[in-house]
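Quick heads-up: structures coming right below.
Both of the next two complexes hold chain A, though its partner changes from chain B to chain C.
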Partner chain A sequence: MTKTLIIDNGSYSVKIGYATDDLNWSPHIISNSIVRTKDKRLILGDLVDRNQNISGCFFKRPFERNQLTSWETEKLIWDYCFNSEDLKLHVNDYGNDPNDMNLILTEAPFTLPKITKNTDQIIFEEYGFKSYYKNITSSFVPFNWEQNEKLYQTNQLSGGDDKKVYKDYQLVIDSGFDSTYIIPVIYGMVYWEGVKRLDIGGRFLTGFLRELISFRYYDVTDETILVNNIKEQTCFVPINYNQSLEKLKQEKIRLGPRPKPGSINDNSMIVEYALPDYKTTTKGYLLTDELRKNINDVDELQIMRLYDERFSIPETLFDPAIATIKHRNGLIKTIYDSIYSCPELVRPLLVSNIVCIGGNFKFSGFKERLQLELKKVLPVEWDIRIGIDEDPIVYGWKSANCLATNHMEMYEKLCVNKSDYYEKGWGYVNEKLGCKLKGW
Partner chain B sequence: MGLVEEIPKGSDPNVYFSSSINLKASKSMYSSSNTDQTRKRLAAGSYNFNQLEANAHDSSLNENLIELRKSAKRHQEIDRENYNEHQVKIELPRSGLHVNFKGFVSDDYPIFDLINYSNNVNKGANSRRFKQGQTPQTRKILISRKTINNYFDEDIDHAKILKGDDLFSKVDNNSSLPGKKLCSICGSNAPNRCVRCAVRFCGVQCLNIHKETRCSGYYG
Partner chain C sequence: MSSLSDTVVSAAINRPLSFKNPKYNPSRRHKPHRQLVSDEQKRLATLTLPVDAVTYFSVEAYPPLRPQKHYCDITGLKGHYKAPSSGLRFANAEVYQVVRTMAQGVDQQYLELRNANVVLK
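And then the complex of A and B:
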C-alpha cells in the first residue's frame, strides 16, 4: 500500500509523520534549526535538549521572514527526520521508497515563486516522491471539521435546535513563530483577498521578553532558549489588562519590597523562576508549591521574580504599542479587517467557525480573551465560536492527516504526480499548487 | 512708475523675490521675534515657498513618517532570535556535508558535531567523493547562499505585495481610542511623563532609573 508522508514545515519546527487512521496520534516535532553551541559545535536543533548546556546558543533557521531560503539547512534536517533511528520513519529503508510514496507538505502563505520552485524541484528531483500536494497549513483545517465542532462545543450556536454545520466556511488564525496570519477558507479554498497579516509572532514575543528581562533583572541577551522557556512556562493572556495590573499592584503593596520566603504561592500573580546555576540545574525551572516543599533551602537558588512581564508579553499581540511600536494594528483589528474584506453574506458564518492554530495559542486564557474582544467589535447578532485545540501546534498536521485518511479520492485529484512534473514542467505544478492571489 | 528692479545674482531659484523697495522692515524687528538660529536668513521681501508650504501642511505628515520609521526600526530590533546576529554567522560548507543519518541514534553521540560527524563518515568505507544534489538544478539550489534580501531584490513585484498595505490591516490614525499609559521602566500604570523626553514613568524610583539610563534628553 502506498504510504502518505505528511510534513508540516513550520518556521520553528517540523511536524512529521505518516498518515494514520488514528486521528488523535500526534506527529514528531523536530526543531527546524541548526545550532551553534557555546563551544562552537554545530548541532541539529533537535539535539539541543539533550545537550545539557543551553547557554549561548546561536540559531540558524532555513526560514527567513517566513520564506524558505536556505535549502542546504532544510535538507539536513529533513534527512535527519527521514533516516535517523530516533524517529523511526525509515523513508529510504525497510521496504519504504519515496518513489512509491505520497507527500503532503505545508508551506508559508505568500511564498515567493522562485522559492516555491526550489521546493518543488527538491521534492521531485532530489527525493523523488511519487505524488505531492502542497498548500498552506490553514487550508487543511476544514478537513478536520468533526474535531472543529468538538472544539467549539463550549459555546453553542444560538437560535434554536437546528444546529447546522457550516463547515464550508472557516476562519483560521495561524499565529506562529514568524508572524500571525488571518486566513478565511471558503468551500475549502483559501480566500486570498481576505488574508491579513500581523507582524508579531513567537520570535517577537521572545525578543521582547528578552529585552525586558535584560533591562530589569539580568543580562540574558544570549540566552534565547532560556528566555523562550520562561515565556512558555510563565506567560498568560489576561482577560483585562488593566485589572491584572491593578491586582498585581495590590499584591506588590501587600508583599512589600522584599517578600518573605513562602509568601508567594501558585495563586499569586508573581511567579518565581529558578535560573540555571550549574550546580543544581542547568536549564532553569518554574518554582511551584510542590517544588518549594521539596527543596530545602530556597535561598540557595538564584531566583528571578516575574511581575507584569507575565501578561504584558502576550498582550503585545493585542496592542503592539506596549512594545513602543506605534502605527500598527493589534490582533483584533486585523481579524476585523480580514472578516470585513470577505463577501458580506459569508461574514457571520466565518465568525462562527474560528479555529486557532500555531504555538502562540498555547498561552492560557487566549480563547476567553478573543471571545470577549471580538464580541466588542462585531455585531451582536453574530455568533462567535472559537476553537483552540489542547495542542494547537500539531493541529494543522492532524487536519492534513484527515485529508489523507478520510478523503484520499480528493487527494488524488489535488496532487501532482512525478510523471506530470517531468512531462509538463514546473509551470504546471505552480498552476496547480501555487498561490492563487490575483496579481501574484 | 516703471521701475525695474534687478534680482540679485546667485539667488536661490526656489526663492520668490518680490520688490523690497517699499518694504520698511527693520532688522531689529526680525531679530526680536525670530530666535531660531538655524533658520537661513533670506533677503528682505523674499519667501521660500517650499519651506512655507512644508510648515503649513506637511509637518504632521512628516512626523508620522518619522514615527513609522522609528516603529519599523524598533520592530526589527526586537524581532530577532539571536541578539548579536551580526557578530556570528553560521555557514555550512559549500561543498555540502556528507551526512546520511542512516541508522543514526542521537544517544550514541552525547557530544555531537555535524562537521566532525560528516568528516568521520567521509573517512570510512564509503569514501567516494560526495556529490551534493542529484541533478544540476538541485545542486544549484543546495549550493546557493542567497538571503531573503537577494530574493526580494530579484522579485520586486512580489516583494512589494509582501511589504504592501493590502496585506496588513489599515491603521486608522484618527482613532480616538486611548492608548495604554505604561511606565517605561516597570510597566505599571503611569500618569506622568518625563519633563525632558516625554517618556512615561510611574514614580520617583522609576524616574530616577529613567534619568540615569534611558533619558534621551530631548522631546520626540
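And then the complex of A and C:
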C-alpha cells in the first residue's frame, strides 16, 4: 500500500510522520536547526538536549524570516528525520521507497517563487517522491472541522456540514516562530486578499525577553536556550495589561525590597526561576511550592525573580509599542483588517470559526484575551468562537492527516505526480500548487 | 553522552542514501533573505499590477493611526521634548539639565538602549 508522508516544515521545528487512522496521534517534532556549540562542534538542533552544556550555542536555521533560504541545511535535517533510528520512519528502508510514497508538505505563506521552485526540484529530483501536494499549513485546518467544532466548546453546532470534506469558512491565526499570519480560508481555498502578516513571532519574543533580562538582572545574551525555556515556563497573556501591572505593583509594595523566604508562592504574580548551576541542574527550572518544600537549602540556589516580564512579553503581540522598536498595529487590529478585507457576507461566518495554531498559542490565557478584545472591536451580533488546541504546534499536522486519511480522493485530485513533473516541467507544478495571485 | 550524539549525527549526515541520484548536481547557490527580497522588489517593478494587488510586501500589518508614544530616556516618564544636540528625549526642565551637562559619548549609550544610536561603519 502506498504510504503518505506528512511534513509540516515550520521555521522552528519539523513535524513529521506517516498518515495514520488514529487522528489523535501526534507527529515527531524535530528542531529545525543545526547548532554550533561553544566548543565548535556541529550538532543537529534536536540532539542539543542530550548535550550537557547548552550555554553559548549558536543556531543556524534553514528559515530566514519565514523563507526557506538554505536548502543545504534543511536537507541535512530531513535526511536525519528520514533515516534516524529514533524516529523509525525509515523512508528508504524496510520496504519503504520514496518512489512509491505520497508526500504532503507545508510551506510558509508568500514563499517567494524562486524558493518554491527549489523545493519542487528537491522533492522530485533529489528524493523522488511519487506524488506531492504542497500548501500553507493553515489551508489544511478546515479539513479538521470535526475537531475544530470541539475546540469551540459550544454546544451549538452549525448544521448542514455533515457530509462536507472541509469547513466552508475558516479564519486561521498562525503564530509561529518568525511571524504571525492571519489567513481566511473560504471554500477550502486561501483567500489571499485577506491575508495579513504581523512580523512578531516566537523569535522576536525570546529576543525581547533576552534583552530585558540582560538589561535588568544578568547578562544572558549567549543563553538563547535558557531564555527560551524561561519564556515557555513563565510567560502568560494577561486579561488586562494595566490591571496586571497595578496588581504587581501592590504586591511589590507588600513584599518590600527583600521578600522573606516563603513569601512568594504559586499564587503570586512574581515567580522565581532557579538558574543553572551546572551541579544539580544544567537547564534551570521554575521554583514551585512543591519544589520549595523538597529542596533543603533554597538559599544556595541562584534565583532570578521575574516581575512584569512574565506578561509584558506576550503583550507585545497585542501592543508592539511596548517593544518600542516596532511601530506596527497589534494582533487585534490586524485580525480586524484581515476580516474587513474579505467579502462582506462571509465576515460574520469567519469570525465564528476562528482556529489558532502555532507555538505562541501555548501561552496561557490567550483564548480569553482574544475573545475579550475581539468583542470590543467587532459588531455585537456577531458570534465569536475561538478554538485553541492543547497542542497548537502539531494541530496543522493533524489537520493535514485528516486530509490524507479521510479524503484520499481529494488528495488524488490536488497532487502532482512525478511523471507529470518530468513531462510538463516546473511550470505545471507551479500552476497547480503555487500561489494563485496576479504577478506571482 | 556527547560522543553518542556525535556518532548519531555523523551517521545521519554521512550515510550514503540509496535513493539519491549520484549524478544529480545541484547548481544552486545560497542567497540570503535580504537579497531575495530585493530581487522580488525588482521583479514586481517590471510588472504592471493593479494598485490593490497582493504581494509579499502588501500583506504586512499596517502602521497604526495613533502616533507613537515617546518616553524620557533618563527617567522613563512621558517624554514630550527632544534635545536638539543629542536627540535624547526628556520629561522636563530638571531632566534637561542632566541631558545638557552629559559627558561626551554618554548620550549615545542612552540612545543605544532604544536602538537609536548612530552606528559608524
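Remarks
Here is the rule we go by: the second predicted complex is superposed on the first by the 425 of 440 C-alpha atoms of A that agree within 3 Å, B and C clash if a C-alpha of one lies under 4 Å from a C-alpha of the other, contacts with A are read in each partner's own complex, and residues count from 1 in each chain.
Everything that follows uses one rule, which is that a contact is a pair of C-beta atoms (placed from the backbone, for glycine too) under 8 Å apart; a residue touches a chain by one contact, two chains touch by 3 or more.
Keep in mind the model is a prediction, meaning the values are calculated, not measured.
In this overlay on chain A, chain B clashes with chain C. In the superposed pair of complexes, A:Phe59 makes contact with chain B only, with no contact to chain C. When the two complexes are overlaid on their common chain A, residue A:Thr324 makes contact with chain B and with chain C alike. Once chain A of one complex is fitted onto chain A of the other, the partner contacts of A:Glu125 extend to both chain B and chain C.
Shared-chain residue A:Thr224: touches chain B; no touch with chain C. When both complexes are overlaid on chain A, the residue A:Trp192 reaches chain C alone and has no touch with chain B.
Contacts of A:Glu309 after superposition on the shared chain: chain B is touched, whereas chain C is not. Shared-chain residue A:Asn99: touches chain C; no touch with chain B. Here chain B and chain C are compared by how many residues of chain A each touches, and B touches more. Judged by the document's definition of touching, chain A residues 41-44, 47, 50-51, 64-65, 67, 69-72, 76, 79-80, 83-85, 92, 110, 112, 114-115, 118, 125-126, 195-199, 321, 324-325, 327-329, 333-334, 337, 437, 439 lie at the interface with chain B and also at the interface with chain C.
The touching residues of chain B, when paired with chain A in their complex, are 64, 67-68, 70-71, 74-75, 78-84, 88, 90, 92, 96-97, 99-107, 110-116, 133-135, 137-138, 141-143, 145-148, 151, 154-155, 158-159, 161-162, 167-171, 173, 179-180, 182, 184-189.
By the touch rule above, chain A contacts chain C in their complex via residues 41-44, 47, 50-52, 64-65, 67, 69-72, 76, 79-80, 83-85, 91-92, 97-99, 109-110, 112, 114-115, 118, 125-128, 192-193, 195-199, 215, 321, 324-325, 327-330, 333-334, 337, 437-439.
Interface residues of chain C facing chain A in the complex, by the touch rule stated above, are 1-2, 4-6, 8-9, 12-13, 15, 17-21, 24, 26, 28, 30-33, 36-37, 39-40, 44, 47, 49-50, 52-56, 59-64, 68-69, 71, 113-115. Residues of chain A that touch chain B in their complex: 34, 36, 41-44, 46-47, 50-51, 58-61, 64-65, 67, 69-73, 75-76, 79-80, 82-86, 92-93, 110, 112-115, 118, 121-122, 125-126, 195-199, 203-204, 206-208, 210-212, 216, 221-222, 224, 241-242, 245-246, 248-249, 307-309, 312, 319, 321-329, 333-334, 336-338, 437, 439-440.
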